[in-house]
């Protein structure tokens, strides 16, 4: 088969025959490799030992990705459409940091943004199933967005009030040096993370902290309840099938329905 | 339009035309600004650099809120009704700290109580939806209040007993200096916050602590279960009425159903 | 009314008229007071300042409780039945520590066991409602006891294996001085408490720790799921009403049932 | 009864009469004993005091398990089938470490792998019930495996991105020495473990950390929701069949129902 421009575009943009799948797999490996190298290079000991190797590999991957980017720009039917699309920008961000590192020190670490490119090539794996599941989760979160906003609003209010109160009670001696710091502490406590870099030292402060903890312990139930309720509901919706009534064409009938709930016709 | 007293009262108390909405937005911005300034002013570095600016802004906002407060007192039909209402007291608390700071040092930080005034002007945003969602959450919490009280009662008993036991096992060397301190530690542990400012050092103490942790891990399931169960139930109540089919008496019909889904009879 | 032995027994053991309620309230206050004093006395500063007052109050309460205990022993129909019952033992444990403190130092702190006596006098408050709610929670836990045992078995296995592995990876330098200590660390981590008194220092140890954390994060969902599912089910059972079929006397019909599910009779 | 090879194989491999049950109980105790000794021996103080006793017991158990292993190899119908089965490998791993410790120091601690052998002899206890419950949990996890994979994928992405960002913001001064370390910190924070061995020191870092915490607090709801929803669904499936009434077609009848609860028709 001759490698026409059309054929090349098919290989680069699609993923439904041997050649295009091979292209995606190579890309997947290259992305994985370049992200791994950026991570390893940040370890001082490894940087000292293999810095040059990492440097060369980093540039090899960048050249590879640059060629791929230019190829995509050239092959896409509407160049501007690709360049300003989500993936176009991600592809560009994936090669920029390395070039930038010639000017700004350390900026090549930003190359981990390449991890976002995974999304593009994940299609090689049979991802249909995963996308459907992700859809259920996203739907559950979307449907409960109002409840979640109300919840986050309450959390922010609690953090603001408790942070200020603790700033007054404890003061700079125990590490509550300012209201923002005290608010940071309140979040650390409310979410039950509890680093211990800042912790109350006075009896009154410990009493207030105990209240915040019990509060945090109790309200963690709220987002859980919201999301659980939504997931259950959407799992049930999924079971509802997509039968349409022959008479009125209405859908959304329960799995156990024998008659249309709108017009009474036998389904 | 002439600015009669009636018109002014409408602008201040309502939020349904251009002028009254503009009033609410200005108030919203002023509250946000004054809270932000109180927070920033508590940071020593910022206080040193911009202390005077913060001081002036603080007083400007306070004068503004004072005028608004007096306006509300003057305009309200029943003055005492407003002054002793929830919002009347919040409005007063929002201006008092600054005047108080002339006498008592640092008390102007208390001005973050202004954050509570957000509640009043939140109506500018289209909050109907949020209030409904908040209602579902509040209902769920209200319906499970007895279960939550039983749960909190158990937690307090566990904390009391475990705190005393750990005070005996560990003693002051590991930081368990008194029963209240040991109870504070028990709450920190049971809620899985785990600061680490106090932690058991003896093998027996670590064994007991492990038991408390597993207990805390297990009983976090209880409030979650209570709230989730309530939210699910109220979501279902909202979706389905309690209509029964006249022919087959089946229930569980969706709110939008016109015919029984089992036998097709008109509901 | 003459204070016969029968009348006295009624006052002490029941809680359904003015005199017996007053007895319970006095007892409640005495218990609360004595527990509070044991707690406050454990604070060194308060002990130094008010030690003598605490000592006298402690003995007053103990004498009071001793009289009450002897009264119960004398009044109960079957003396042995009371003495060896749950409450009989609790009542004894509530007075023993103070007498014991004449011999053994510090043992009077054990008097906080008196807190358990609250259970006895809680009947004064209108506790019917609370007991029913507690019943739902206890039922939910009881019904899921097998699932919870399986879950705890898995947790113990994970802790055993992970503790041993971390003991090998990290060794005594990072605080993993023995397998029991490493198991303690594993529980601290798995339950997301995370004191930080012991934490992995080597890259491999941090990798293993990350796995345990993600595992702990995931399996916290299991007890929650178990309890939530049970609470939902028992809430539904409660709604089922207690109608009996006229023909076959069977019970357990759903709220929306029109016919007996066993014999088909109209309910 | 003569101890033929067939009879011996029955005792070793089955668990349904007195002799074979006794064999399993002895094995259970031996496993428990040897695991306990491995754990205790790792405590330096106990090792110094009772090292020789532990050493002798360790070898006794190992000799016992070796005899048992050889017996199983000899008695099993298909030797290779047993040797390469899951339990065959576990049985071998249970004796290897002690022999290995003659060559490699400390390797005898690996003998805790014997804990896995519990699985084999748990059948002595009446475990049918537990296995059924474990089945429900395993099913719930299996049915939600896709959702859980999507969830873990999101968590890994968040950890990768947040780790890199924090490595840039905080740098080595606060302990964020490399991207892997920063990713370890991100996991510690996201799972709300919060050791505090590494914690942000700059205001910007604390702001980012607060976001991660709130995120972690929110997304813990997702696995909980997934598992809860599955457990509820499978509990309902277990209770109700999918029979429909012949007359009114209604579903949702309890497994023990003989008549339709809505119209009374024989199911």
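In order of appearance the chains are A, B, C and D, and numbering begins at 1 in each one.
Everything that follows uses one rule, which is that a residue touches a chain if its C-beta (ideal position, glycine included) is under 8 Å from a C-beta of that chain, and two chains touch if they have at least 3 such contacts.
Computed from a predicted model, the values in this text were never measured in an experiment.
Trainee: Where the centre means the average of the CA atoms, what chain is farthest from chain B?
Mentor: Most remote chain from chain B, centroid-wise, comes out as D.
Trainee: Where are there more C-beta contacts: B-D or A-D?
Mentor: If we tally the contacting C-beta pairs, A-D comes out ahead.
Trainee: Roughly how far is chain A from chain D, going centre to centre by Cα mean, in whole Å?
Mentor: 29
Trainee: Using the average of all C-alpha atoms in each chain as its centre, how far is it in Å between chain B and chain D?
Mentor: That gives a centre separation of 40 Å.
Trainee: At least two other chains touched by the same residue of chain A: list those residues.
Mentor: In chain A, the residues touching two or more other chains are 180, 183, 192-196, 220, 224, 226, 228-229, 232, 256, 258-259.
Trainee: Flag every residue of chain C that touches chain A in the complex, lowest number first.
Mentor: Counting only chain C, the residues touching chain A are 192-196, 224, 228.
Trainee: Sort out for me which residues of chain D touch chain A in the complex.
Mentor: Within the complex, chain D touches chain A at residues 146-147, 149-151, 153, 157, 160-161, 164, 167-168, 177-180, 183, 189, 192-196, 199, 203, 206-207, 209-210, 213-214, 216-218, 220-222, 224-226, 228-229, 232-233, 242, 244, 249-252.
Trainee: Considering only the defined contacts, which chain C positions touch chain B in the complex?
Mentor: 35, 38-39, 42-44, 106, 109-110, 112-113, 115-116, 118, 129-130, 133-134, 136-137, 140, 148, 152, 155, 180-181, 183-184, 187-188, 190-197, 220, 223-224, 226-232, 235, 256, 258-259
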